[in-house]
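Structures are listed in the sections that come next.
Each of the next two complexes has subunit A plus one more chain, namely subunit B in the first and subunit C in the second.
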Partner chain A sequence: MKELQIKAAELLENGTVNLLIGFCEDLGKRLVPCFIETAAEANILVFNQECKNNLSVYLHKKEVKDAVKIGLVANVATLRSVLQLLSENQLWSLTLTYLTVNGAGELVVLRSAEELEAYVQANFPTCRPEDQEMLDKLNAMSREERWAFWKDQLSECVKCYACRAVCPMCYCTVCTTECNQPQWIKTSAQTSGNFEYHTMRAMHLAGRCINCGECGRICPAGIPVHLLTAQMNQEMEQEFGGKTGWSLKGGYAMNTFKPGDKENFIK
Partner chain B sequence: MAETFEPKIVAFVCNWCTYAGADLAGTSRTKYETNVRIIRFPCTGRIDFMLLIKAFQNGADGIIVSGCHPNDCHYTSGNFHARRRWMVFKSLLDFMGFPSDRITFSWVSAAEGKKWAELVNETTDSIRSKGPFTDYRTLDYTLLTQLENEGIAD
Partner chain C sequence: MELKLISSSDIAVFVDGLLKAGKVVVAPVLKQSGKVFFKPVQSFAEVATDYIQTAFSAKEVVFPKVEELFTYQHNEEGGLDIKDHLDRIPETVVWGLRPCDAAGFDYLNKFFLQENPDAYFKARYDKTTLVTMSCNKCDASCFCTSVDSHPGDTKGSDILLTAMDDKFYVEVMTEKGNILINSNSALFTSTDTLSKEAFLAKPLTHFSMDEIKDKIQNAYASVEWKQASMGCFSCGACAFACPTCTCFDIQDEGTQDHGKRVRCWDACGLSQFTKHSSGHNPRNTQTERRRQRLMHKFKYSVENLGVVSCVGCGRCIRVCPSHLNIFENIQSVTK
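The block that comes next holds the complex of A and B.
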């Protein structure tokens, strides 16, 4: 921890970084994101297993982008999403430095996209066991049971769109949810509109989701929405090969095609 | 229900192949089921998955999505992109427990008027045997009331 604070202060001091995004404790001892601009403030930094927020979502904000030279204290899931964003050409205006702690508890500083790529590939996160268990359980169900499951879950959704706000891959400035000519997503709180919204979200994230699980974690209604994108992730990996957030030249599976793609479902 | 059930089928077709194929079926005086409502698109690549959901929401019992055969696309690669999208969309619907067998995907070229007529007949038969599609509409309170009035849902 001390090591991280010293390193962060050093980076801010020598101008490598203008803005550092990391974690600190709030008055209630919760770990919350913090934005540090001077070396003197670096002593509030905290980083441990409980720091779960995916901070890469802030990299889309104008106020953050204006700082240009940005430091990010991040876990490997966050680094993976940064890599995916880089491959989608979203962070071209930024100079990024990453601070992370590896499995052995040592501080690692990554100064370039290539170093980031190598680190992520060496420490690639796998699907969380509890999610895998849930996916296997759902896939083993009959269609009717699955329908009942999602109908029950999605009836709880209040369309707060927190899952969209927290997602680093949801960076469109205009979203289909706000489009009202035609009204794609019904605004009233009923299951039919929720079904549309979550189908749309999963489709738009298919082949791009890096499976950080933030959407499911922050859902105030406790809906496991991350399972939809996790399932799509696995299917697309199986069908088209390639992993999301694996390399700088990852590309987007839905943006391309192969002449030999599966078509046994087409008459 | 007093009347026998006749399915409403919405067909999303591309302008260059399937629409022309359907046109050929018409000019050849081929008779086929009248349950289908055709919506013409510039290309299958233009068919957004949200349109399919919207059709079900508005009371469609079945959907046909059809376009040019691979390598025949007027815009070179629209149908290849569409094929991927449908594949992913279909597996998502399956995962959510949505009866994806109510959507028929097909390739019908401009010369295949006969195939078009057969496709419509087959789809209509299969949807007729499956009965009205109420799963999705029961998610919506206003539509549920409507279904109850029609005596379809209990």
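The block that comes next holds the complex of A and C.
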């Protein structure tokens, strides 16, 4: 921890970084995102397995973008989403430095997109076992059972849009849910409108979601919405190959065409 | 106020009796996700008893997330039939809400009824009886004692129950409460002593409203708002979980021939909330939006309705994806 704090202080001190986004402990001992602008504050930084938030989502925020030179204390899921964002030509206005801790507990500093790519590929995460178990369970259900499962879950949705807000891939400045001429999706948080919203979101994230699971983890209603995108991802991988958040030149299935693509779904 | 006692074993009989009498009972129910929600129950067996706080507040009973204001339908004569559905609202008992939620109802009452009474809120509120349960546990997000309340507060409640060993203290606060007790009076015995303090939770007190009320007057210009809102993702989780957030949006859903007008929850933290049709947004950054939310709770509602509209339930801290802390923020901007 000390090593991380010293490195962070050094990067802030020598001007490599103007703003460092990491984790600190709040009064309730929860690990929460923190935003550090001076070397003197670096001693509040904490980083361990419990640092769950995907901090890359903050890179879309105006107050953060204004700092230009940004340091990110990041878990692998966060690094993977930065890689996906770079491959989608986002974040071009920023100079990014990444601090992470590898499996051996050593501090790693990544200073370029190429170093980031190499690190992510060497430490690529697999689907969380508990998620895979739920996906298998859902896939084994009949269509009617699956419908009943999601109907029960989505009836709790209040459309607070926290799932969208914490998602680094949901960076549209105007979301389809906010279009009202025509209104594609009902605003009211009733079960039918909730289905429309979550289906739309899963479709837009197909082949782009990096499976960090944040949307499900933070849902105030406890809905496992991340399973929708995780399922879409597995299907995309199966149909089109390629992994999300794997390479700088990745592109993504929805806007890439390859002559060898299977077209057996066009009938 | 009347003081009574009921034995713990009779609680189920009381609730099941209310159900048998045809009342809708909305009570905390534990769902598979591990979260507790207010749901209509069919029997006391479904009611969760071990919880600090429900995921969302009980405000949904009087201010639903989607309120159908009216339906419209073209008729054969070429006219339009418009109908509200206020007559469908059932007699409802909210069971097991916490004193902070009940205090929230006190605020909702002022907000919806004080100046221009809202027919929909009034129709629901008049048919709702609140049976509150004092808190015997709390967590680090609870801060009711900082906002002029406490775990055994009766504000807003029709009946307050406090668990102690094998029985409950019953404080009957209103006529609505009386009617409920009288419907099954054999279960209750009268008492004239009340010492519930030993059975109440002891949340940390972070500040007093006396000191905040003055200091908040100059907080608008504080430089601390930026830091207080940096972690904010711009979602509506805090507002939707909040027992006193009342912002709404009116939507029409349907076709030219038939449809409905609905009132849906909205949130000042969402970037679209203040966006003008010109594209201009007077609260263009999250710093401005979070300031609005907190200033409304601690300053504007005091000016407009005479009460602080934060009840210290701590839900906004628990549901926030980055656990933004309202009591820390209020302290930092009033330093």
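Things worth noting here:
We adopt the following convention: the second predicted complex is superposed on the first by the 257 of 267 C-alpha atoms of A that agree within 3 Å, B and C clash if a C-alpha of one lies under 4 Å from a C-alpha of the other, contacts with A are read in each partner's own complex, and residues count from 1 in each chain.
Keep this in mind: a residue touches a chain if its C-beta (ideal position, glycine included) is under 8 Å from a C-beta of that chain, and two chains touch if they have at least 3 such contacts.
Computed from a predicted model, the values in this text were never measured in an experiment.
Once chain A of one complex is fitted onto chain A of the other, the partner contacts of A:Q190 extend to both subunit B and subunit C.
Contacts of A:G242 after superposition: neither subunit B nor subunit C is touched.
Of the two partner chains placed around the shared chain by superposition, neither subunit B nor subunit C is touched by A:G251. Of the two partner chains placed by the overlay, only subunit C lies in contact with A:G222; subunit B stays clear of it. Residue contacts after overlaying the shared chain place A:I266 against subunit B, while subunit C stays out of touching range. Counting contacts by the rule stated earlier, residues 186, 190 of subunit A appear in both its interface with subunit B and its interface with subunit C.
Those residues of subunit A that touch subunit B in the shared complex are 138-139, 141, 143-151, 176, 182, 184, 186, 190-193, 195-196, 198-200, 202-203, 206-207, 228, 231-232, 235-236, 239-240, 253-254, 257, 259, 261-263, 265-267. Partner subunit A is touched in their complex by these residues of subunit C: 31, 33-35, 37, 55-56, 65-66, 139-141, 226-227, 230-231, 233-237, 239-241, 249, 251, 253, 262, 264-265, 267, 270, 272, 285-287, 317, 319, 321-325, 328. Those residues of subunit A lying in contact with subunit C across their complex are 26-30, 32-35, 53, 57-58, 61-64, 156, 158-162, 164-166, 178, 186-190, 214, 218, 220-224. Within the complex, the subunit B residues that touch subunit A are 49-50, 53-54, 57, 70-71, 77, 80-81, 83-99, 104-107, 119, 135-137, 139-141, 143.
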